[in-house]
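Please find the structures below.
You will see chain A twice below: alongside chain B first, and alongside chain C after that.
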Partner chain A sequence: MSAGLRGVGTGTEADTRGHDEDALGMSAPEQGREVHGAPDAVGVSEAALRRGMQLVVAGGSLAVAVLVPFLLPRYWTFVLLAAVTTMIVGLSIVVLTGFVGQISLCQATFMGVGAYASARLTGDAHLPFLIALPLAGLAAVPVGLLAGVPALRLKGLYLAIATLGFGAAVQATLFSSKTLTGGFSGVALERPTVFGISFASDLRYYFLTLVVLLLLMAFAANVKRGRSGRAFAAIRDGEVAAAASGISLARYKLTAFGLSAFIAGVGGSLFGHAMLSVNTSSFDIFHSITFVTVAIIAGVGSVGAAVFTGLMVNILPKALDRVLPGNLLLVIFSAGMLVQLAVAPDGIAGQMRRQQDAVLSWILRRRRVSGRD
Partner chain B sequence: MTSLILGLATGSIYALMALGVVIVYKATGVLNFAHGAMGMMAAFLFSSLTLRNLPVGLALLVALLFSAGLGVAVAFALRPLRRAPRLTRAIFMLGMLALLQNLAVSIWGPKVRMVPSLFPSGGLRIFGFVLGYDQMGIMLVAAGLVIALSAFFRLTKLGVGIRAVSSDQDAAALQGINVTRITIVTWILGSVLAGVAGIMISSPAADIFSLTLLVIQAFAAALLGRLTSLPATLVGGLVLGVLTTVPASFDALRPHAQTIPPVVSFLLIVGILMFRSDSSLISRAGEA
Partner chain C sequence: MSILRAVGLGVSFKGLHALEDVSVEVHEDEIVGLIGPNGAGKSTCFNCLTGLLDPDTGTVLLGEEDVTALPPHERARLGMGRTFQTVQLFGGMTVEENVLVGSHNRVAHGIVADGLRLPSSRSGERIARAEVREILELLDLWEERDRPARTLPLGEQRKVELARSLAQHPRVLLLDEPLAGVSRQAKQGTVETLRRIRREFGVSLLVIEHDMRLIMAITDFVYVLNAGRLLAKGTPEEVRANREVIVAYLGEGGEDRSWPSAGSRGGSRAAAGGADPGPRRR
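Right after this comes the complex of A and B.
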């Protein structure tokens, strides 16, 4: 795709004729402005356009996320709330699978550790929520490191088996233990109060989780851009080459597992406080399987793709709830997932990127055509 | 001793499950995460057929026919992904697991169901302990199937074809072997093995979720057989069965009987995968 775009005219030609195009009213005003602002070098206007579109999409999504609870019936707020916590888990998968190419079938386990830790910290130790939340994420880190140890020797399928086994083992021990986690009866959690402001209502708590999601997304995007992010990408694209250029595989793989567990732990804590109680079945490995499958189908290529995971796990089934009875809906939903995976193994986000590229190249082609005329 | 026999019987079922995983993985490169779920479907169908007063034999036949059909369906569903990376296809099977589980819940509900035994109750008293007919039956079926499968892979044209496809799909195709047909046969075999194992382990009662999760035990046993050798997989299943049931016979561990199988399986999986220095697994993991 990018090859096709690079072949499109030279920047100078397009820029000097830009006004004609506007005069002809051939391009949308926003898009036109983006191109005008771009320097002359080949490909830069494309990058600027791309960034512009991303900003429009991101800003638009945020606006929708803020407004949508006011537009939908009340019970939807809770669904949205659950969706945001799933998005955070989706983000933890983006970090691990998208950035570093490692697979984990025990993300729900990390969530669980976060939720139980938060229940203990806020309930028994009476810590303020804002302190308990990062601590809950940190509590999941050692578990993540433990789950990540097999990754030092294993890849792909074998790592998937090992992490699945890990999730099942933790489920059977820690999460079933009456003394540690309350087993079947589980533990109760409360909606938090931060600086004297109560976040008890669904709506308030929804905005709180949304802020945490945004912070974590910014954090993940920063990691991706930084030194670790480059090391991650190198490992993902070829371990041997990465090791040969002096990147410590062990260190960065474990970092990725720790980071992913932290994010999932925070997500689990928020989830627990959203649901008001969690028990042994809240974080079983079927949840992990759903999260990973949906995240991969949604796409793990970018931080933004995490949003799709929440949309697909929580919102889509609820939106279709009226049409079909719940169980049958889940059957059709999972069948649809399989079809989607067969059609686009790089995920929905990948599909959308291709469409975005198509729009971009259409815009640039229009410019060239008008330039030559 | 009694628990040792129980362990061997349970282990035989793990072995049958694992054999299905190994056969499918060898021939098609697909790691079947939905193997337990496929066995669960057969077991629940069997259970509901017998509840409608079908004779056990007929119900078994219908359930296994269904298994075969399910195998064909999965083989075709995987066709668009046949050149996809192994991990993508494994993810597909994870999705299949979710699909089958949701399907089962929507048909039968999430409750525990009674599943009749294929074998008569009672048992033989030998050297002071009781050897149940069901335990004997399970072990005989497992042993019989392993012998039959070994003979099938060595002696029949189809079996040799499967082995050819296992070692090199393209070379096999160049030799005039119909790879699509072999793939379908393999999936039928795998699915029926899952069905037999699922039905036998479900008796007297089972639920959807724990049957689906049997795939973890199957993977552990399959890894003990290095995902290649059928006899080694059989031994692996038996070892796993003994390791998971014998500890539960000690009083101190009895309350944790539910806990032991997943934990032992996990430790085995990690142990096998991590500490094989010469491993054929590690090098193959590179392709994954």
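Right after this comes the complex of A and C.
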């Protein structure tokens, strides 16, 4: 599996110059740019250095993601697996909030639709997992479009409340229905088998979800750099000017909700197959609130920021759990998040990007000095 | 033949008439000026033409098509470009990305094509970037293309906004005070630029401007608004000689004083202040 994973990594790298860099916290202005900066004394432009650094960080992160389950006790594999599904949900928030500036407090609802759809498609319809997975994402799209309708009229807090209400309504009806979703007893899902290979173990299934995460991140990074991504960013930065430039606000806001719901739906499906069963409480609105809160603290300015959401929701509490009692932990965790938000309004990913820039300019300075000597 | 025509536009805010029975027309290859004291309704008129504001009465025709009921982005798609009195650039984007937004409807590939980097996305991106490069070079912005747009001086930002609207390849371009905030030295450059874009892009212009030197220098026809009504229209020379216009600008007794020239905007504004019952801009 890890060989296949490497294949995916290099393939996308070659195909889509720049998306891997984006995967590690680059903001829009720096990405997808030609190397044209003045070469310094050693003959390497700043842009090339920057890209090299991004590649190192992206490759390093990927290497860590591949190696870490082998280095940690087995208990952690499941935690890592859960973290990757959360990263996918984090990515769905990056698309909606980071790209287009819209907010949704019903991402867990989209996850739920994906998970229940996947349970039906694999369990009742006996569809292969690889077909059921994208279909589960597609099943969440109309729900996302519906949730996005208030965004055509509302902004900010009002939009947040409207989507929260939407999530609560879906939970109270669809997710509580004994006939449709099994209600409180829920539905069972199985770990998948793909092309005869079983992904029943946590370890194997972890790598499968990791590949899906990477593919979705590549998709999102490509969208960001293209025509649709610019339309999204234009709406985020100024609706009046965006409309005057010929961009349909309604169309692109709904598109963003649809894409976000698709990604969250895929994440929900993977989550369901990870947990082996889901029920009403798996996707309640408090999960949605947690996801959005953490995602904003983690940063939504870049595709790579989604990684931090998973790390913070699933791994950080478990890691600190070993050294601190639970209640105290929660207090420290929350306080730390508030401090983090005060220090870096663009989130942890934004902060890391600035540090990376600092390192880069330090390298450049040194090279200039040595070049002169 | 007329590219843009508004007939009998009327708008009132809370009983206050911001525009009353205003008709303007821009012909092919024409540069038309829209002038008037502050609060006369010029920007309100622009907002009606571009669809930001629904007029209470009147119709707007773009070419042959009645666009009165269409939202701004539809009018933009049909060939109407605009810039804003206060520059409205996309702050998080570079100069080039800002202008690429303008080329949105020059290509048509969708989000799935972008996400999967399908051939349609790649070729569309190539086309858009080539067109944008041409415009950036024409406006001497190519060297600045990778700078965050918000870090440019105001005059340059106006140029980026102009470039963005040009990237739409509009049939008619509505410019709201293109010289505001532009340095004295740069003003002549802007005048040249406007002449050149009419020539090279075959685009008609409707220009709101306080700088009378610009209006006299480049317009073929001028409309004068005052207190929401059309006060006068004609060639720049006719309008300049119109007594009512002089009174509206300079107040009673203003006939003896010279026409406000470039750089005396503050004066004309102060003079217009008294006869300015217009509502605030939106």
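The rule is short, and it goes like this: the second predicted complex is superposed on the first by the 319 of 373 C-alpha atoms of A that agree within 3 Å, B and C clash if a C-alpha of one lies under 4 Å from a C-alpha of the other, contacts with A are read in each partner's own complex, and residues count from 1 in each chain.
Everything that follows uses one rule, which is that contacts are C-beta pairs under 8 Å (C-beta built on N, C-alpha and C of every residue); 3 or more make two chains touch, one makes a residue touch a chain.
These numbers come from a predicted model, not from an experiment.
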*asked:* Once chain A of both complexes is superposed, is A:223 in touch with chain B (first), chain C (second), both, or neither?
replied: second
_Quick one: is A:255 in contact with chain B, with chain C, with both, or with neither? Answer first, second, both or neither._
second
*Could you look at A:53 and tell me whether it touches chain B, chain C, both or neither (first, second, both, neither)?*
neither
_Touched partner set for A:290, first chain B, second chain C, both or neither_ = first
*On chain A, which partner's contacts cover more residues, chain B's or chain C's?*
B
*First (chain B), second (chain C), both or neither: which does A:334 touch?*
first
*Does the superposition put A:146 against chain B (first), chain C (second), both, or neither?*
neither
*For A:234, select first, second, both or neither according to whether it touches chain B, chain C, the two together, or no partner.*
second
*For chain A, which residues are in contact with chain B within the complex?*
103, 105, 149-150, 153-158, 160-162, 164-166, 168-169, 171-173, 176, 284-286, 289-290, 292-293, 296-297, 325, 327-328, 330-331, 333-335, 337-338, 341-343, 345
*Partner chain A, residues of chain B touching it in the complex*: 31, 33, 77, 80-81, 84-88, 90-92, 94-99, 101-103, 105-106, 209, 212-213, 216, 219-220, 223, 258-259, 261-263, 265-267, 269-270, 273-274, 281-282, 285-286, 288
_List of chain C residues in touch with chain A within their complex_ = 50, 52, 71-74, 76-77, 81-82, 84, 88-94, 97, 100-102, 104-105, 107, 109-111, 113-117, 121, 124-125, 128, 146, 148, 164-165, 168
*asked:* Using the touch definition from the top, list the residues of chain A that touch chain C in their complex.
replied: 15-16, 27-29, 33, 36, 219-220, 222-223, 225-231, 233-234, 236-238, 240-249, 255, 259
